[in-house]
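See structure below.
As written, the chain order gives the labels A, B, C and D, with residue 1 at the start of each chain.
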């Protein structure tokens, strides 16, 4: 069976990217207004997240981290329930207990999100072991950052996945930043994908700001993992346009580098390509953007109307 | 200045290897007799340890682990004080508090031995940072096993040493075993030295059962670290002939592999080469062996005569 | 009743639970070598050696537990848990709550601890109190072969992450284990010897020191009640409160450092909830605030012995 | 007296100690970005950003401390200490003892903790008790800007590994800091408000809740003594024993989970050593045995507040 994700067209991908952007801009605006807690946004990285998720099958499982909006929304998460979670409300996917940093949505296969950098890498092997031993079809897509690739558990995870032949698609979103530190300060070499070979794992790097390139690299990689049952490391080469966490004045960022990457904004590029090729008339593009913004307005209203959890929720869900 | 270690001849190396062997055989015999606690021996790996230590300068520093006899003895540690430590006696290098697994001898530059697998890798970067920032000449030689190369901190250590340009000679004694598990079960590929490249570090593998080969590889590697101020990863390819810890029936060991490696015993090879080439007449070799055995007999007597520490030593040396 | 060592009792519990439930599996450094009988019966997929990397062992267990398996992992010695704290505490312990109850973590972590092998402070460190202080985790530390088996079976069936501490000194001490299905519930202490003058509360090997002390105290006319806590979390509060209401005197004993150890929690609870019954100060006997030495006499002196317990109990009952 | 926030007080302490002693250096994830004034003054070799890897940060600090440097490391949030437990506990805490005193580990680890930022249980977890229970380590947790500065300076000068916990809610609350050389010794609690009826003992931000409670209690005719522990290890036992001898009643308050928290150690010590002075049960107020929620009202309710302290104190003094 061909997974349904394989029939996605670029307009759908653009819409998803726009949704992610609008969602995060709403959070930024809300946090400036003091109505929404700050978060880690993925502005500038939408293609990397959306492109990979679009290449997954419905029964594949996702593990992600603190910078998860693109993964969640592309997977079909409801922006209202996500915003409710960010705002600590009862209708959030995690009942408001998580907040923005570790949102899991089990019903969508987004499992065990951890904000401990590297946490998802340590858990992914177990999830994949379950898939393999219980004979379930889905592979495991594990998203992590270039910073996480400095944690020792990255190495432990890849090594175990290789030795035990676990079906994991590792996706490193190399956004050049590790909180307030540039990748250049923390590692030699540019590419995390090069770190796969010593474990007997194949790796590749793709332009993470081109949603079609990401999608096709991810389709190939996921297909490889699926058919071989072995891990693969895909690096999406991208850039975190905003700060690490809202608010962040980005005073530490080189303006030239920043500008160069802004010029490669994944949403503008995809929109341009669609419009230029005639696949998306400008007025339809505008309508798309309007629709997405309306969805977010409604989502925000939903979240805002959701009550805070009752105080006795402080001690529920601790033990099974 | 040429470090004095560079004028060592093979007979000296053989003597050191014989000393290590005799020392560990005494421990094995003592533990069978119930007089000495069991230890992790390095029988079969003597060339790897002795060859590297012989290539270090006097002001270089060594970090090692639970399997440290060759490093300590080649560095000049007194077998009597070592045995006293193994036996938990007051005259041990660590007052009997360490026992065999984490013997440090600061006066010889053997620092911060940890029996936590990977512990020495996490500490070596700090020792090297001190050397570098305080302008001290010695490099840091950090010994670890193939098993330790599975711990995440191996990756963290190499990455930091590379990024901060720390003068560390990493030496992986790949003895094929990780306690009761063969290397084959825990990693793809044979060589730990291949794991250096992604961090921008050079690596090499040498026949760890040929003391001259080890020595010359280590001399070159140490010289490189010394002159560049950068790390290097040297793998000594060897075999743990005895069990992980005494006693150990080695029921889990493949007899064919074991036999093949025994045929490459580093002491027999070196002795043979010296005798065959006429550099060491057989009767001198026999005399050497006798001398070494006599030293160990005396050392054992010294250790046995050393009292146990007083009970109030239980709470000294905890805080500075 | 058959006689088993705790090592054998653990093996029996593993085998029985693996037979009962195909989702139970066990992995760790050398566990397939050490328990090759399990490999023979259940195959290499369910009994696995791992690379030497405690973090990923525990993380893998947590990920597997949340998605349908029931892993038992052997992390060997308690100090090695230091490499697995994120996975045990931040993941297994917290992600159920953080996710609003979306996941459960039925996983058991085995770790040996305590003196007896002369291997020093990086193998011998009773850190069980850390896990008692960490949310979402349960903590066991049995003192008899029967409880090793019965508690491990319960731990495997429990839907929460359980730390199962093995007092090294007991591992090869044979004891009777009831035939057939023998399951001991978590969170239940056991009164090993009833008494009226003083409560001796302990867990792990110092339970045996308490029993020996009680024997000696009896000769001196002091009737000590000896309670084996067994489960450090959940704590059987009713058991020790009931006992102190009766005896009015409490001595808590463990090998772990006294400072901020499990004994502190018990003393604090009693000082709050059984205050009116107390006839004497609450006394804790525990290890010093020091790493454990390898040297045999020092290692042995670390844990409170029967003589110290007798002396403390006598002075309480004076 | 100048007014500084604890963030600034930490910066001032670092700058002064780095000026005084060229072997002091600071490193961590983003510390050179966050404290660029220190980079300007002391250069990039002594103020370093690191890769994102807490284990090697702490291990490097331990190795450097043993060989001539005096590192201060910033591990950001207390739950991230989980990745550095081996290096802090097994290496820095134990290798002095294990080596028979050959090494010392003058190193300071900074970590933020507690509610206030709505970031949930993987950033907010008061695990200071773990380190109190670990040999060879010292543990500090100040409540005032002055103590942030004075204790950090002492910690840097101390020859032992010190865990320095920063209560997040206090970080940007300005307070007066004495001019010039201001050093606060480790191991000394501070009586913030003398009293005779009940002792309120706390550390970190709940000290302020205790002060507010004392104010309200005074209005009700109950004279509470408020003590800020400041140093969790070494503990100033004389300070709280003296106070309880006087008041006969003890309430221990902290945000950390009650179970096996630092309050348990204090309650246990008092129940042993000031038993005869006690006129009421010892009560502990602490967080629940649960991870901290991100949701604001739940996060805030985690830590005991003044109302809870007043209620508990009143019932003690009834």
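The rule is short, and it goes like this: contacts are C-beta pairs under 8 Å (C-beta built on N, C-alpha and C of every residue); 3 or more make two chains touch, one makes a residue touch a chain.
Remember, it's a predicted structure, so these values are computed and weren't measured experimentally.
When every chain is reduced to the mean of its CA atoms, the largest separation from chain B belongs to A. Centre-to-centre separation of chain B and chain D, using mean CA positions: 41 Å.
As a whole-number value, the distance joining the C-alpha centres of chain A and chain B reads 46 Å. With centres defined as mean CA coordinates, chain D is found 36 Å away from chain A.
Taken residue by residue, chain B touches two or more other chains at 95-98, 102, 114, 116, 118-119, 150-153, 156, 159, 163, 185-187, 318, whereas all remaining positions touch fewer. Residues of chain C found to touch two or more other chains are 50-51, 53, 55-56, 79, 82-83, 86, 90, 97-98, 120, 122, 135-136, 288-291, 293.
Viewed as a contact network, the protein chains are fully connected, with every chain touching every other. On the chain C side of its complex with chain D, the touching residues are 79, 81-83, 85-86, 89-90, 93-94, 97-98, 120-122, 125, 127, 129-130, 132-136, 233, 256-257, 259-265, 267-268, 270-273, 275-276, 278, 280-284, 288-291, 293. Chain D makes touch with chain A in their complex at residues 29-30, 33-34, 49-56, 79-80, 82-83, 118-120, 122-123, 288-291, 293-298, 301-302. Interface residues of chain B, counted against chain C in their complex, comprise 37, 88-89, 95-102, 114-119, 147-148, 150-152, 178-181, 185-187, 252, 308-309, 311, 313-315, 318.
By the touch rule above, chain B contacts chain A in their complex via residues 150-156, 159, 162-163, 185-189, 194-195, 197-200. Chain B meets chain D in the complex at residues 61, 92-98, 102, 104-106, 111-114, 116, 118-119, 121-131, 133-134, 152-153, 156-157, 159-160, 163-164, 316-320.
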